[in-house]
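Note that subunit A is present in both complexes that follow, paired respectively with subunit B and with subunit C.
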Partner chain A sequence: MAQILVPEFISTWSYADCYRDIVTGFSFLVDRVSQQDLQRCSTLVPLVAKPLLVPLNEAIMEVHERTCADNLEEG
Partner chain B sequence: MISDITLAFSGDIEQAFCLLRILKYMAEDCDNEQIVVEESIKESYYNFLDSHARTHIFKNIFTQWVCNLHSLNVEPAKLTFLQNRLMDTFLAWIRLALPAEVFENIMAENRPVVDLVFEQLASGDDENVQVAANCLVELMKSSRLAKNNFASFLDLVFAKQEALQELTLRVIASGDCERAEQFTNIFVELGFANMDQIIASGSPLLEVLIALLAMEESACFAQLSFWRNLFRKISKIPDPADRLIKLQHFEGVLVKLITLVVQRTKMDEATFLALNRQSVLSSEFEEFFALRRDLASLLSGICKSCGSMTIYPILSQFLTNALQGESQMSAAGDLVRLYMDLECLLFCCAQLTKNIESGELSNLKDVVLLVQKLIASNGEQPSVCDQYTAMQLQCTNFICTITYALGKFGTEAASEVKQFTEFTLQGFRNAELTLNTSASCFLRLCQDCAEVLSPHTE
Partner chain C sequence: MPTVERKLIHDIQDLLDLLADWFQGLEAIPTRLKHEVNPLANLFVELWPFIDRLLTEFVNEDGVVEALCRLVKHGMRAMDSQFVPYLQPLIRKALTGYQQNSIGSFIYTVEFSLKQFSQSEHQALFLEALNFICSHTIQVLASAENCRRSPDLVNDFFGLSTRYLRYNKEVFFSCSQFESFVTILLFAVGIESSEAATVHSRFIKELLKVL
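After this line comes the complex of A and B, so read on.
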């Protein structure tokens, strides 16, 4: 998983369907692993969660920039 | 108003042309959005057309003028043109979605017009054949919604079916594609009108449709809805034994139909190679992939009514033929043609796999082995899928459907699944061309084969 979810690949992600499919696919794997080995599962979760957080963080930053007082004054 | 213009334009043939032109515009422009008319006026105009169509227009003008044709002393070209205008105006009026009652006595009130339509279908004038075919198709389409009102008309059409078949076979023999397209539309409507009878005992009409399909590429679009409906209806026959008996009427036709469908799903070389540079979503391929989707749904319909394993021997034969002499192929052109055949067969096999029954999966062993061979790279030699995006997409598509079948029937296929997943992950590298297909295949693999894949997450 770590080989697939490399930073270069993750940096291209958006909320498009294909990335949603990839994350959903990983979630099935994590679910299965969690039933077999919780220790291994704890290392997998951050790997899968990270790609979700990167675009989310960007979206939050964008909203923050658009709504900050300076930018609002500039219209 | 109609009585006035009929009176004013009935003196001679030139006036008849004017009258027909006015009537055509009355019918065709009533929905013209550029003519701004208050809604209530529009409504009363529609009512006016509905109430005048049967007697004033159909009986007193169309039928009367058709009856007059033989007594007119005019040159043949003018007569042909008048026949054309009469049918064309008649067509504009029957397209108006008039109340079904207008047609309830069509054979008694408008028989000369209907006879003219049939007579002109066999004429040598291309434009008259076209407009006559359109009239017949339109009347039959209207009859679908109100069979009782068109009963006498449909009886006449069925009585003339044999003559129409002979006429169509002559058109096919002449190689006239444009006319073949018009006759395809007629036979599709005939098929819809005859659907129950066809299911009960088969019909020579199906052979005519197949012959048209083999001749004319555009016939494919026109015929799809008929074939899909036919197989949908057969698949809904509740008793399997009864369904099997009914299907025996179609054995010969079915083989020819599937063969033609497989041929139609094949990409041309330009498209096959262009997929190395462009996504399947490019507008350039829109028409081809739309047709493929429709053909896929027809194949699924056939699988549902006849069972996937009815189709598989035909595909398997195609596969054997395609792979024949593979080892001697070295020229790039020969190999591309082989891969194009395989791409098309994998597409068809994927449709079949979607509808496969438990226990039938092992029959696809050869196809699975073929996919494994196509996705495997041989040392430094790149795999076929590495060289051709079309192959990569199709192999991914097939893996997606076979994985679904594996999951559905709880079949263990650990070694294949691992190889399929590694191949699917390679598709993530190309965001433009292969990521979408690979991502949905990856989801399918993880969903259905999580148990096999989970040890590989370390």
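After this line comes the complex of A and C, so read on.
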């Protein structure tokens, strides 16, 4: 999981079928684990979700910084 | 907006859609829980500031709002009753967003929230939401021509109204903006979009059933 879900790699993903399949696969895995062992499921959740949040946060920050810079230039 | 920023916004949209797909697949988690903490609860603590920030800073980016709306819908289902602490802030955020950018995604947010949490303890919140949406929508859909120009909004507005009738008709009939509501209902008669016309007539049928 850690080999595939590397934030730098995920940051290059688009909403294309191949990447959706990877995400759906991990979703299926976590869901199946939840049926056996909720504790183990709790440890898997951040392993899948956090690498997706890292590039999301970076993209938000970059838009924010660019908007601030544009506003300063205009101001 | 410069191309680089447009590309970044598209990336944000894609990541939100991927996260939504991930939540969508987590069907079994809520059914497995009895008194345990939802395994997604801690993740949601981290996710909420993103949602809050995006609904503030990207409120005019329709694509981001749509993707976010889908993410919250699936996240809410997977979190089930443990989403309750986020319900009120979400609805308030959606209403503020709707005031700033009158797109159907904000109405749809209230709609799926109502579907998930139609119990009595949230009636006041959903009444507030309906009153606000009616009073604002009457300004946007202020004529038959406006309804024709915004079929998606007509669709979402009557989709929401049908949901209120089905899940909580007491709240629907307590709406203080009922006059505005009837005005929109009349303006939307004969709308050309087949999808919006279907939802509009479905609402009328539902209304006639409960009257």
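Everything that follows uses one rule, which is that the second predicted complex is superposed on the first by the 53 of 75 C-alpha atoms of A that agree within 3 Å, B and C clash if a C-alpha of one lies under 4 Å from a C-alpha of the other, contacts with A are read in each partner's own complex, and residues count from 1 in each chain.
Everything below uses one rule, namely that a contact is a pair of C-beta atoms (placed from the backbone, for glycine too) under 8 Å apart; a residue touches a chain by one contact, two chains touch by 3 or more.
These numbers come from a predicted model, not from an experiment.
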Q | Combined model on subunit A where subunit B meets subunit C, clash or fit | A | fit
(Q) On the A-aligned overlay, A:19 touches which partner chain: subunit B = first, subunit C = second, or both, or neither? (A) both
Q) Touch check for A:45: first (subunit B), second (subunit C), both, or neither? A) second
Q: Would you check which partner chain A:9 touches, where first means subunit B only, second means subunit C only, and both and neither mean what they say?
A: first
**Q.** Contacts of A:60 with subunit B and subunit C, given as first, second, both or neither
**A.** second
Q: Based on the superposed arrangement, let me know which partner A:28 touches: subunit B (first), subunit C (second), both, or neither?
A: both
Q) Of subunit B and subunit C, which one touches more residues of subunit A? A) C
Q.
Please give the least Cα distance, whole angstrom, that subunit B and subunit C reach in the superposed model.
A. 9
Q: Pick out the shared contact residues on subunit A: the ones touching subunit B in one complex and subunit C in the other.
A: 19, 24, 26-28, 31-32
Q: Would you mind writing out the residues of subunit C in touch with subunit A in their complex?
A: 2, 4-5, 8-9, 11-19, 21-29, 32-33, 36, 39-40, 42-43, 46-47, 50, 53-54, 57-58
**Q.** In the complex with subunit C, residue positions of subunit A that touch it
**A.** 10-11, 13-15, 19-20, 23-24, 26-28, 30-32, 34-35, 38, 41-42, 45-46, 48-50, 52-53, 55-57, 59-60, 62-64, 66-67
Q | Residues of subunit A defined as touching subunit B within the complex | A | 1, 4, 9, 12, 17-19, 21-22, 24-29, 31-33, 36, 40, 44
Q) Tell me, which parts of subunit B touch subunit A in their complex? A) 425, 428, 431, 435-436, 438-440, 442-447, 450-451, 453-454, 457-458
